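Structures incoming, each one as structure tokens.
Okay, so subunit A shows up in both of these, paired with subunit B first and subunit C after.
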Partner chain A sequence: MSGDMDDILLVFFQECEEQLQELERGLSALSDGESGKETINAVFRAVHSVKGGAASFGLENLVRFAHVFESSLDGLRSGRVAPTPEIVKTFLKAMDVLSDLVAEAQGGATVDTARIDESRAELQAIIGEGSGTAGQKEEETVPADFTPVPVDFEPVMADFDFGDFGFEEETPAEAASLVVTFSPHTAMYDRGDDARNLLIGLADVAVAHGGASTVTCETAALPALDALETEKSYLSWRVVLPAAVPEESVHTVFDWVSDVCDVTITRDGGPGPSGGEQPAEEQAAPAEPEQPAPVAEAPAPAPVAASPAPAPSTVAEKIMAEMPPAPTPAATAPIAAGNAAATRRPVEQATIRVDLHRVDDLMDLVGELVIAQAALESIGQREDDAQQEMIKRIASMKALTRDIQDAVMAVRAQPVRSVFQRMQRVVREACSMTSKDVVLTLEGEDTEVDRTLVEKLSDPLTHMLRNAVDHGIESAEARIAAGKSPTGQILLSAGHRSGRILITIKDDGGGINRERVLATAVKRGIIAPDAVLTDDEINNLIFAPGFSTAATVSDLSGRGVGMDVVKQAILGLGGRVTISSVEGQGTTFCLSLPLTLAVLDGMLIVAAGSTMVVPVSSVVETMMVNHKDIYMLPDGANVVSIRGACMPLIPLASELGLGGGGTASLSEEDVILVVENESGARAALIVEDIRDQAQVVIKSIEKNYRQMAGVSAATILGDGSVSLILDVPALVANALGRIDTRPSDVRTGLAA
Partner chain B sequence: MASVTLPERLDTSAAFALKSEIEQAVKNAGGEQVSLDASGVTYLGGLCLQVLLASRCPLVAPSEPVVEAYGLFGVSAYLTEPLAPLKE
Partner chain C sequence: MTDEAGADAKLVKMIVFAVGDQEYCIPILSVREIRGFEKTTALPFAPHYVCGAINLRGIILTVIDLAVYLNVEPQPDNPRRVVIIVESRNGTVCGLLVDRVIDMADVNLADIQAVAEEDSSLSGLVMIADRMIGVLRLEVVVGQLVGGMTS
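Up next is the complex of A and B:
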């Protein structure tokens, strides 16, 4: 039984996640001044769904907060409150609290009650502001007796609420009220659910659509006390909902119990509450105020309700509150273990939602594969010119395999939106901690990347955005003094570029103060005091372990581990970070990541007699060497002039330490590969031969061996031999560093 | 008149105990009317509601949560007037 429950809870939390994303999207739209009815309704729906779901699981903290949130949004929906920037800000803050409460219910860190209270007070201020006469709703501070939206009493409803709701046009004028009858099975109580949760859900739905529910209880099946089996369900209910209620929202209420509860939903003839219900009038009123009850007194469902109301000791709570906003589950585990919630924490969800058509495409391709396989088989049985036929079939098989691979990748692909939207919150929190005003603009959220990448991007991006707010953007005074708008701008964008995904974080802050960076690096012993570095190298110092320029260590960033960790995380994903910074104008971080972690198109080349793979995406062109185009620089390095452009020449074999006499032994047969890194810098690789082009499966060399300079991974070729995949950007960076006339020893550490 | 003081939480797990307690009280009262003191109840779930209704005993001083719960369950009418005895 508890297994079932966990599954259902898991679904609930997944839906919460989606609703929260929806909420975030809606609120962002609102803050951009897009206050259309659709947007507001979407926001309202999102909060309402979270509340509804939470109520059926007895997650009282969540319900209580969601309810206040919903009520305040209602003011917005009915036009009593205008979505001014301040109000949207309050909503955004409330959303953060709400998502933390969801996380808490999921077994995450306990949310600081002061924060909840603060946010709730702000929401209540909005409710108070919007409702004027209905100011009594301030009672909601005491959740036990909060009376939700004053729609339950007919006169009040007529006064202001009803006419304002944005749903009229969705409802046919002569709509009939919705009659829901349900009788819970005994199994529903077994499962820990309770009929009252369903009734609360229905009352909620009614309120959300500007009416009240009318409940009648069918007691005929109830036996005498001595014949009564306490765990058996005897009662059934008939609930009349306002005509405006769509059937779907009723289905939502019964979603969790559809298998253990008989439900019928019918439209009753005639508008308005059905006249047949005798006790309708008197019941409608108490029905609604009851709604917040679970909030006040954790509802019955034993197995579920027992856990979500953890009462952590104040110490634990304090620790939680002081932890960074996104602690890993592992980090909180020892503390959370104390309360029952920990036992309920679902395993990290290992499912994805995929568009059906993508799965269909995949299915089609697999069908084709079966046909191709059959064709190959029939060739094997034939005698005449089988060879040629075979080659033809294998070619089509190859195309098919590639299509299937693309289709599988498409299934795994997810838009980066989910991560990007989380960043809004990171920036918001960073802003409030540093009292700066920063607007984060997102671009290219629809860019799709492999799911594993999406998840792993979250931490590095969080670090980088915090850094951008904390160190990048100057204080408002400094900005005004520099002639900029007091509001800082950060742009977070994603896009595809030559087979990789490029993520840029651009701020319009003060830029990197290179002098200070250099001074700090010398002070920390990261570089020698007499080292001479290029601007780029100085910029890269901020990724050095143990580096932190902040004069004082702030709460937010500046522990001196952040950027180092970021770089490691990105490198671990096969990506790279580059920085460009203009003093006084801002800093841009570019993360370049592989589209997939599994397969790449490679060019098979030969260097020092062994076959290696160069990612095709980084090869610009190939050509034969012409000796008279090669020039030697004073320090002994070579450059090659290709159509007038000079670029460093890299003899691959000697670069990788595989012998070979460098450029001197350049033979006429050698081939030049012009390669490019993501920032557009080019170099010419000298290789002995180009063998083939093939798709190769990436095998991590770091995991199986160790990191190697100039090599990003390894692969197994068709003939079974192991081959290295070259890290072109690293080679290019290294070579570009080398044509500098400065000593290269300071650089080697940075080039990776 | 005999009286049973109802416990604070009448949730699913409390249903069985509630039934035994009321049955015991009815037996002890020997035909006398047993009333249920619901003044301290803070939570009432579906299963306990069944027990309360089935007992056909009048409620005394129902607490606010009980009144609300009866409203929610659509049985407010039985707050003052217990369920009619079974016609057997």
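Up next is the complex of A and C:
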């Protein structure tokens, strides 16, 4: 049982994750000024679902907070509150608390109660209630009053003391007070819900409207103790709420249990309970949950009944019509979630959502592949000379295979949105810690990259954005002094560029103070005091391990581990980081990453007798060696002049330490490959031959072997042999480091 | 190879192979398979005892020439040279190029006579049928492959 529970809990947390994302999306839309009904409903629904699920698992803290949150959002939904930027900000803050509470329930760090209380007070202030102590006090007394309820009413308890069941608060109901009677079905308890949560919900509603609720428990249906079936639901409750409480907010309390609970809501004409008859006639229902629930005709006018599913359809329609439209979707979402929790198996993170058409495309391609294979087979069986035909078929098969590969890649592709949206929170938190005002703008969230990459982007981006807020953006005073708007701007954008994904983080802060960076680097012993560095090299110093210019180590950054880790993480993904910074205008970080970690378009070349792969994306052109264009530098290295542009010449074989003696072995047959790194720096590789162009599958060798300079990975060729994939940017950087012929603006990746 | 081998926990089945004139053994449970020596792909900046990389059904792994590693004259023309694919305790897979595989033997751990150094590639010596056999410490041999970056 506990195992099942854990499984279900896992599903719940997965759903929370989704709901929180939904919430984030909705709130971002709101803060962008889009206050459509759908958006608000979506936000409301998300919080509501979290609350509903949390209640089923008795996650008290979460339920309480979600409920307050929900109430405030209800104000937004009903139009009582306008989504001003301040209010949206409060909601965003509340969302962070909510997601922390979810994390806490998941076994994470305990959330600071002061933070919860603060956010709760803010939320309550929005809907103009609970200002100050009164609301806070109610909030605290109500649960205390209700705590005994589940214990006493727990149907499995044998030592029932019937006399204690009447549980009444002293406050009498006022005129036209709202009377809610409800009797849970056995099924509700089976599902893990608890009447206690409903009572708490009702009490909260009452408190929210400035009154208190009167709860009476109806025990008439309880059989004698010896006839008591411990698993059955016998009890029902009658709750009198203050007149100010709107019916819809009562519906909200019940809408996620409405299928397993009989509820009637009536406007009572006078104070006090309307006698024992009405609850008594409801007692029939809980004992026989299969029966259609009675839609109680209460003495009051205009009864509105939220009856469970088995009610006659006409009644149901009537209810739908009477209910405001908004709660309907709200009601369906948590129920669906509940069902899903019961039936779906937890699948960890191993699932992805894929557009159907992508799977269809894949299917079509596989069909064609089967046909192509049949055609090949028939050629093989023919007696005559079919070689020409064979070659043609193989060529078409090759094209097909490539298409299939693309299709599979498309299935694995995921938009970077999920990671990008998480960054909003990172920036928000960083802002509140540093008391800065920064707006994060997202661009190109729909850019798709391989799933594995999406997940691995999160940590480096978090670091970089924190740094941007903490170090990049200046304080408001400094900004005003510099003639900028006090609100800082950070742009996080993603896009495709020539087979790679390019992520830029651009802030409009003070830029990198190169003098200070240089001074710090010298102080920390990262570089020699007399070193002469270009601007770009100085910028790159911030990636050096142990580097930090922050005068004080803040909570956010300044310990000098961040950027070093970022660089390592990006390199680990086969990517590069480049910085450009204009003092006084801001800093831009560019992350260039491969679209996938699996496949690469490569040019097969020969060096030192073995076949190697150069990524096609980094090859600019190929040409034969012309000895006239090669000049030797005093230190023994060579540069080659190609149409007037000089670039370092890299004899690949000797560069990789695989024999060959520099230019001495340069023969007429050798080929020059002009290669380029991300920032446009070029170098010429001398190789013995160019064999072919092919797609190769990237295989890591680092698992079983150490990292090799100049080699990024390996692959397996068609003949089964191993071939190395060259790390062109590393080779270029290495060569440029030795031969200082390039203008400084194209030099990259040297310092770190 | 007898029933008591399983019964006595101190007996470890070892695979015995020769490198040059000297015989060595490693626990058979660390051996994945034995295959013929084929052409390897040279790796840049590799230690001199690494022959290169081979493709083992989609996994790329490096082959160590044990003769070079142990400072014995290699026998490039020996047709009985084979590669023993081993997996060390920390999960690293690699191949060991040996001159020939001799047989298997049950070695009582208590019979192994330790050699002095803790981190040497040889953990001890054992006598099997009057032959002195070295017990290789795989973790050391293999660990050097993954350890650290080349510069």
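Please note the rule applied: the second predicted complex is superposed on the first by the 438 of 752 C-alpha atoms of A that agree within 3 Å, B and C clash if a C-alpha of one lies under 4 Å from a C-alpha of the other, contacts with A are read in each partner's own complex, and residues count from 1 in each chain.
Quick note on the criterion: a contact is a pair of C-beta atoms (placed from the backbone, for glycine too) under 8 Å apart; a residue touches a chain by one contact, two chains touch by 3 or more.
This structure is a prediction, so every number in the text was calculated from the model and none was measured.
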item	value
Which superposed partner A:L656 touches (first subunit B, second subunit C, both, neither)	second
Contacts of A:Q387 with subunit B and subunit C, given as first, second, both or neither	neither
Partner chain in contact with A:C217 - subunit B first, subunit C second, else both or neither	first
Which partner reaches more residues of subunit A (counting touched residues only), subunit B or subunit C	B
Which of subunit B and subunit C A:Y189 touches, first, second, both or neither	first
First (subunit B), second (subunit C), both or neither touched by A:L225	first
Partner chain in contact with A:S723 - subunit B first, subunit C second, else both or neither	second
Interface residues of subunit A shared between complexes with subunit B and subunit C	none
Touching residues on subunit A, where the partner in the complex is subunit B	145, 184, 189, 192, 194-196, 199-200, 203, 214-217, 219, 222-226, 228, 230-231, 233-235, 237-239, 279, 282-283, 285-287, 289-291, 293, 296-302, 305
List of subunit A residues in touch with subunit C within their complex	608-610, 656-658, 699-701, 703-711, 714, 716, 720-724
Contact set on subunit C toward subunit A in their complex	39-46, 52-55, 58-62, 91-94, 145-151
Subunit A-facing residues of subunit B, complex	9-13, 15-16, 18-19, 22-23, 26, 42-47, 49-51, 53-56, 64-65, 67-77, 83, 86, 88
